[in-house]
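Once you scroll down, you'll see the structures, which are given as C-alpha cells.
In what follows, chain A forms one complex with chain B and a second complex with chain C.
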Partner chain A sequence: MFKNRQGIKGWFYLRGANFERYLYTLHRITGFILVLYITVHIILMGSRAFSETAWRSVLSFIGITFEDSIYHINPVVHFFEYLLVIAILFHAFNGIRLILTELGFFIGRPRRPEYPYVSYSIARPRPLMIFLMIIMFFFAVIGIYEFFLIH
Partner chain B sequence: MREIKFKVFRFDPQKDKKPYFKEYTIPVKEGMTVLDALIYIKENLDPTLSMRYSCRMGICGSCGMIINGKPELACHTQILELKSETIEVEPTQNLSVIKDLVPDLRPFFTKHRNIKPYIIRDDREEMEKPTREYKQTPEELLEFLQFSYCIKCGLCISLCPTCSAYDDFLGPFVLAQAYRYSADSRDSGFEERLKAIDKTHSITNCHFATGCSAACPKGVDPALAIQFLKKIAVAKSLGGFKKKVAEIAPAPPEKGPNKDKYPPAPKPTV
Partner chain C sequence: MKETRLWILHLFSGFVIFFLLLWHILYMHYPVIMKGFNFGVSFPLMFSQVTARAKSAGFKIAYTLFLVFALYHGFYGLKNLLIETKWGRKAEILIVVLLSIIAIFLFIYGVFTTFKIGG
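Moving on, here comes the complex of A and B:
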C-alpha cells in the first residue's frame, strides 16, 4: 500500500482550500514564530543578569547601539520588529475567533441541509472574522505610526 | 463531442515502487461525469485501472476522489462544468492507497466503530424488545438530522490538516458521528462515547480549519458538529452538561371513544 499521508506538509497544502483554511496555516506559522521569538527573547534579555558588558554585546548583536544616551536601532531589525507585531496581532485576533467558535458561539445551529449546500460553520462566523480582522488592521496602522513615524 | 485529457493517478503495489500519472484522452459529451469517464477508460482504454464505485448517484460515498485538486464525488462532478482541458484525478489524501484510485478507509471505519455510533440507553431491555416508540419533537430531530446525512465517503479527511499530521486523530466524520448520536434526544451514552473520544489527539486537536466542511459533498458540516462536541465536552467537565433523555411514548388508552384510533406499535426491525 502507498501511504498517501502528507504529514506536517498537509498544514501547508492549500490547493482548493477555503479562506479559513488559509487562516489556519497563518495561525500555525505565526504560532511557531511567537514560540521561537519568546524563547530567543528570554535568553537574550536574561543576559542582563550577568553583566553590563554582556547586555551591551547582546544589544549590539540584535542591532541596537547606545550612543549619546540614545538607543539607535538598525532599520532592518526595526522593520522585522514591526512584522513581529503583525504576527502577534494576527495570532491574537484569530485566536479570539477560534476560542469563540470552538466553544460553539457565532456558528449558529444545525439545520436541514438543502441543495445547494452551504457550510454554515464557515458562513456564520464570517462577520466575526471580518470584524476582528478590521480591528487587527486598525492596530497594524497604529503600529506603522508608532514604529516608523514617531521614532 | 469534445476530447479531454485525463491525468489519472496510478499505483499497483505489486509492480510499482512509486505512484505516477498516466494520461488518457477520451471523448466527452454533455452530461458525462468524471466517474463515467473513468468507466470509459476501464472499458475501452485500460482495463487495469481500479476505482471504487457503486450507486453512481452520490448516495453510497464510494467514489470520493481528488478532482483537479478539489475533493469531490466522481459521480457527482460533471466534466464540462470543470471547464478544464486537462483533468487530474487522484485518490483521497491522508489515506493509504490500495491500488490506483482506491483508498483504504478501514482505519477510519475502525475509529467509527470505536465511538459507538448507535443509540445507547440505560433501559437495555426496552431497547432489545421495544413496546412503544421514543418521543422526539421535530426541534430535537433538527439537532442531529444534518449530521445523520453523512455517507462516510472520507473526503473530509483529505482536507483536514490534523488528519495529515496525526495518525491517531479520529477524523472529521467520526467525530461528527459521535456528536450526532450524543445530540440525539433518545441517547444517554455520551459518557461512554467520551471514553473513546478523549485521547491524546482528539477533539481539542481540531483547530477549526473548516476544510472538512468545505469538502463535504452532502452538506453535513462536520466542523459544526465537532465544535458542538467540544462545547458539550467542556460543559461536561465543568459539570454543566444536563440532558433530558426521551421517554417512551405513552400507551394508547384502553377506554374512551379514541381508543381504536391509536395504531399499534411498529414491529421491531432488528
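Moving on, here comes the complex of A and C:
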C-alpha cells in the first residue's frame, strides 16, 4: 500500500515534476483557501437573513459601500475578489480533469513500456488538460474586462 | 469500502458543484457581461435583488444543493489534506469530528439564511 512518508511537505517536492504535478499542488492550495473562504462567506452572507441594515453593514465591513441604487467596491477588495474568482475557476476546471482521469476517461488502454518510455497515462490526458486550462484562461481574461475595465 | 464510497461521493459532489459554481460565478461576479446575454442583474448585491432571488423556489433549491455538495466536497477534501500532516490516529479522529461539526453548523446556518429571507 502507498505510504505518504513526506506528509504535506510532499506537495512541494517538485524537482523533476511534470506540469500536472504542479497543477496537483496548486489544486490542493486553492482547495484549502476555498474551504476557508466558503466558511467566512456563508457566515457573512447570512447577514441578509436579519435585516437590510445588517446586510449593508457587513458589506461595508468588507469594502462594499452603497450609494442610491448602485454600490462601490474598494479597489483592493475588488482585486482580491478577482484573484478569488481565478482560484475558483482553476480549482473547478482542474477538478473536472482530475475527476475524468480518476474515472479512467482519456487515459487509454495499458500498453507495454517501450523506448523512449513515454508515460502514456500522463501524455494521453494532456490535450484534455490543455483544453480545460484554455477555457479557464478565457474566463480569467474576460474577468479582467468585467473587474477592471468597465467598473 | 466506506472510504471508497466517501471518495466517490467527493468526486460526484465536485462534478455537481462545477455547474452550480459556474452559474454562481457568472451571476454574482460577471454581472455586466452576463447582462449583455440577458442573464442575471447588474447589481446582484443590492438588498432588493438579494431578497427578490431568495424568494424564488429555483434559487432556494439551487442554494440548498450548493450548500450540501460544496460543504461536503470542501470539508471532506480538507480532512484528506489535514490527515496528511501525520499527527497520529487520535488527531485524525479529532480532525474528522471538528470538521464535521463545523460543516453541519454551516449547513444549518446556510439553510436557515436561505429560507428565512424568502419568508
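By definition in this document, the second predicted complex is superposed on the first by the 141 of 151 C-alpha atoms of A that agree within 3 Å, B and C clash if a C-alpha of one lies under 4 Å from a C-alpha of the other, contacts with A are read in each partner's own complex, and residues count from 1 in each chain.
Definition applied: a residue touches a chain if its C-beta (ideal position, glycine included) is under 8 Å from a C-beta of that chain, and two chains touch if they have at least 3 such contacts.
Remember, it's a predicted structure, so these values are computed and weren't measured experimentally.
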Which superposed partner A:Gly95 touches (first chain B, second chain C, both, neither): second
First, second, both or neither for A:Leu83, with chain B first and chain C second: neither
Partner chain(s) touched by A:Ile8 [first = chain B, second = chain C, both, neither]: both
Touched partner set for A:Ile134, first chain B, second chain C, both or neither: neither
Touching partner for A:Val40 - first (chain B), second (chain C), both, neither: neither
Contacts of A:Leu103 with chain B and chain C, given as first, second, both or neither: both
Which of chain B and chain C A:Tyr120 touches, first, second, both or neither: first
Chain B versus chain C as contact partner of A:Ala49, first or second or both or neither: second
Which superposed partner A:Glu20 touches (first chain B, second chain C, both, neither): first
Chain A positions touched by chain B in one structure and by chain C in the second: 4, 7-8, 10, 102-103
List of chain C residues in touch with chain A within their complex: 11, 14-15, 17-18, 21-22, 25, 29-33, 43, 45-47, 50-51, 54, 67, 70-71, 74-75, 77-78, 81, 84-86, 102, 106, 109-110, 112-113, 116-117
Contact footprint of chain B on chain A as seen in their complex: 1-11, 13, 15-18, 20-21, 24-25, 27, 98, 101-104, 107-115, 117-122
Touching residues (chain side chain B, partner chain A) in the complex: 11, 13, 18-19, 68-71, 91-98, 103-104, 142-147, 149, 159, 161, 163-165, 167, 183, 206-211, 213-214, 216-221, 223-225, 227-228, 230-231, 234
Residue ranges of chain A in contact with chain C within the complex: 4, 7-8, 10, 28, 31-32, 34-35, 38-39, 42-43, 45-46, 48-49, 52, 55-56, 59, 64, 66, 69-71, 81, 85, 88-89, 92, 95-96, 99, 102-103, 139, 142-143, 145-147, 150-151
